[in-house]
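Please go over the structures that come below.
One chain, subunit A, appears in both complexes that follow, with subunit B as partner in the first and subunit C in the second.
Right after this comes the complex of A and B.
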């Protein structure tokens, strides 16, 4: 059983589940590094999932027409996302996430509303919006997502499955490295950290704390939207839309940041660990010795129990958390007082 | 330019004014949204707000709002205790499920009795179920410093899975299968899966009946005796919070951890108290729901109707105050019932998501005005960064 194909399949499944968590978590990381706690990730993700799916089902044929093909050729394309359509769908999903995030930005940065309450409200709003339009989106159809690598590579035995992983998976891992570079080596990254560590100090130095935060909040929304669209367009066998399909992935992304103690490379490690928890369900449910309560209760709950467990372990080391936690995270900011 | 500065001190009338502004803004934005979502916005809004007199039986329609309002109010009041002290239990949905499971398992453990005498035990089972589920994030927070917000939320998914597993396995009920002669020869599991129903004697029956306008027959409303239990629990906790020393200490806890310690209350005690109260009330509501509306456990997604999540909104809409929460709960429940009424009217072509939208709009208006009421608008000619 445990041959190369088996292990490769496991790796592919882990990467598949880790990708959206990683994308969303990198967004959360930058947001929290600037001192903002946005609990609306789940809401922005589900909206991204829906918008990505709707965009995908509209763009399949229209992008074909835009590229100058005739109607007959385009009919063959129906239900298949082309690469421009694929990119556009993800961009639109990201923009939808950012649009929702802008509401959070206005509430917390302009009105000074409570971060926790507003974030929870954003999640509830996102779930509500998608419940409303869910039934309409279900009627649409996106059959398969274009692969960015040549078909002949993907058709290779064994390694083909790994090569068939989505380009976004690669980008997700690169984004973690980019976040590390951004936060530690760029001027804007330093400003983001300054705003998060001590907003009054940053303000006194003449930096525009609120502007920096609006920027990171919008970025976080964009990443959450893209992560959501990955779930609806790429993660499953065929693109699917279902109400509530993100199933807590946004919360897992937030848990991931706590696990990582705000360090980008540990976010990658955590995403792989959480991805493993998801893939164990598929891998272990066929084992014969597994009791029915294991298959029906423990395995489906693993993606939620594993984060709880790692949070408990991490939280015991309070010093490590304090060393990296942004000092002004979710603190009220009144520069004029 | 206009600048927002923190206001010094506050007066209760300011809170009322901001609530009024929030309500007004909600109505205006909701009307605008209805104009986008439906063909006949004004008629939809009118029928939504007056649905109790739009056909059907008024008493029945009022009953729907009253029952849901009571569930929401009780869960939200429990949550508000922790929210005031900065203890974030957002897993009331899971504690609600655990309460229903607890009540049902108590009934099984007692040997499936049919006597009404065990009814209080079932309610206790619900409270214990909710408390056990809430004790996990509470204990992890109080003693291992684990983020209680995320843990309580994760446990919602686990509770949903537990419910589904139970009704598909250990407690799955079945309907008797009869042979040609009418003798019971076996049992066919229910599909979709659900547990056996509680006996009639352990169900909360309607207190108020409505008269059907068409047939003149009596129809039971959702105003059932279980609401008295919940109402009693609400009043008891509200009285404790408003008039006793414990309530005062919890209010002190919200201002700062230091003040909390001076008041003779440890942070760990606040966490435990907040979670046990909110979990216990969510569990009690779950048990009452089981005994008055569903009568049997069903798979997770079918049993839970987001009451635990909606209650978070209610707690904030009510400004974490016992009186405010009561008003917010019944207002939102009324809008929910009205929205499902207009959604059922084919000529209005309104989606049943209307209620959710109004709920979200109300929440954001309330949060914005609550934040604004703690600030004052100042007119300044020029705004240097350090104004």
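Right after this comes the complex of A and C.
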């Protein structure tokens, strides 16, 4: 059983679960590096998941016509989200996340509201809105999402699974590298860090701390929205919308940042670890070495137990956290006083 | 005295007539408790279709209401109580996990009729139970799977380890092994009736483990969609799921509650309702009489010869020419199951209703 095909499939599954965590976490990383703590990730993700799904269900065939294909071809594509529709769906999901984030930006940057309270409110808002106004699965649906590579490649035995990896998975890992470069090698990235390390110093040097933070907050919202849409459109291989379907992924993204102590490449490592925990749930069940209470209760909590355990271990090393934590994270900022 | 009696009788009669009149003017109120959303496109969707069939059948004489996404267990008590408080005449509770809550509430509301799906407890006169012999459909799936699989590995997504689900696994596996002894079944427990994410992940895992056919006893079409995306075959559950897997769908076991629901509401209307236990299969009497609660829909993606064989099997199960689980049947240890050991021709309904063991051919243990 445990041949190359099996292990490749496991790798693909880990990547699949790691992708939304990584995308959202890179957003969180940039936000926190600018000194803002936004606990609204879960809310922005679920809104992104819903908007992405709705957009996808409207864009599946119309995008086909937009590309200039004839009606017969488009009919064959019905229910399949094509590449342009895919890009548009994710952009819309990201914008929806950013729109929710803009509320947070206004509250915290214009009115000086408390970050923690506002962020929690954002999560509750996102979950409530999507519960009340979420679409009914029987009214709209996306059947599948087109592969980036030709279908014949994806259908290949063994390596096909790897070739079927979604474009966003690739982009997610690239975004971690980009974040590393951005924070350490670009002028804007350094300004972000300056705002996060000591906002009064940055302010005294003439930088517009609030503007920088509004920018990062919107970026974080965009990433959370995209991550949410990945869950509803791609992750399951069966595009699905359901209330609360992000199931804490937003909180895991926040936990990832603590795990990584604000270092981009460790975010990647953490996302893979959390992804492994998700992948093992059903795989361990089929090995049948665990008593049934373990199968029923321990395995499903694995993706949440692992982060808790890891965080307990990490937080024993307070020095490392202090060395990397942005100095002004979630601190009140009153430049006029 | 006599005058008094006459007067009283007259008054009583008038009052009775008034009550009857009022009862006729008042539409019969029918409530439903659903475990999933109406839009699950599976189990709950079919119950809701039957609710609409009641509205269709009785028009203005009925008012139906439903509550969806009601958790099984203690929280269901509140939902069912609310329904009873709201003056429903009859309440359908449509999931196994509502068994104790239904009986508990029924004790408090003796004038309300309760219909519990797939359970076996009738602790009060106002509780009926009903279920469908879905395992008849599993037998047909077993035959199709046996002759379709190339990897000889079947993936089975189970929900909860209750008799209905175990019965399905046993019926499927027995028929599968009969036609293809080399085929194996891998079971993953979702511990949920409706959780598309979990169902999809289970299908992904089973396919990764080598399965080329997916059987599900959960409510959403997610597994069918995964099968379609991965180019393997799958069976639909509860509703016709063929549109979710144009190239994957073999056949769906479709629940058909309409006729039973309409019958029961009619019984409430003419006062003939009484506590009963109903178990219909492909036909009402298991001998070809009337449409039952189980239908098979949209055979496809298989050779014509196999489709003909499957339909012939369906016909013989429907007519009672063949029982779904005929003796001899062994348990996992290889000993004859009690009914068969006692010389029965097939497993008894009692054995089927309370089934808590795997038959020979099923590997692994039932989670407790």
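Here is the rule we use: the second predicted complex is superposed on the first by the 328 of 337 C-alpha atoms of A that agree within 3 Å, B and C clash if a C-alpha of one lies under 4 Å from a C-alpha of the other, contacts with A are read in each partner's own complex, and residues count from 1 in each chain.
Just so it is clear, a residue touches a chain if its C-beta (ideal position, glycine included) is under 8 Å from a C-beta of that chain, and two chains touch if they have at least 3 such contacts.
What you see is a predicted model, and the numbers here were worked out from it, not measured in a lab.
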Which of subunit B and subunit C A:300 touches, first, second, both or neither: both
Contacts of A:315 with subunit B and subunit C, given as first, second, both or neither: first
Which of subunit B and subunit C A:283 touches, first, second, both or neither: second
Touched partner set for A:184, first subunit B, second subunit C, both or neither: neither
Subunit B versus subunit C as contact partner of A:236, first or second or both or neither: second
Superposed model, subunit A: greater residue contact from subunit B or subunit C: B
First (subunit B), second (subunit C), both or neither touched by A:324: neither
First (subunit B), second (subunit C), both or neither touched by A:247: both
Partner chain(s) touched by A:10 [first = subunit B, second = subunit C, both, neither]: second
Contact residues of subunit A, present in both the subunit B and the subunit C interface: 247, 292-293, 296, 300
Complex contact set, residues of subunit A against subunit B: 39, 103, 107, 110-114, 116-118, 120-121, 124-125, 128-129, 131-133, 203, 206, 247-248, 251, 254-255, 258, 292-293, 296-297, 300-301, 303-305, 307-308, 311-312, 315-316, 318, 334-337
Interface residues, subunit C side, partner subunit A - complex: 37-41, 45, 161, 186, 188-189, 191, 196-197, 200-206, 208-210, 220-226, 228-231, 244, 364-365, 367-368
Parts of subunit A lying in touch with subunit C, wherever the complex brings them together: 1, 6, 9-10, 13, 136-139, 143-144, 155, 161, 235-240, 242, 245, 247, 281-283, 285-286, 288, 292-293, 295-296, 300
Residues of subunit B defined as touching subunit A within the complex: 3-6, 37, 88, 90, 140, 144-147, 149-151, 153-155, 157-158, 161-162, 164-165, 168-169, 309, 312-313, 316, 351, 353-354, 356-357, 359-360, 363-364, 367-368, 370-372, 374-375, 385-387
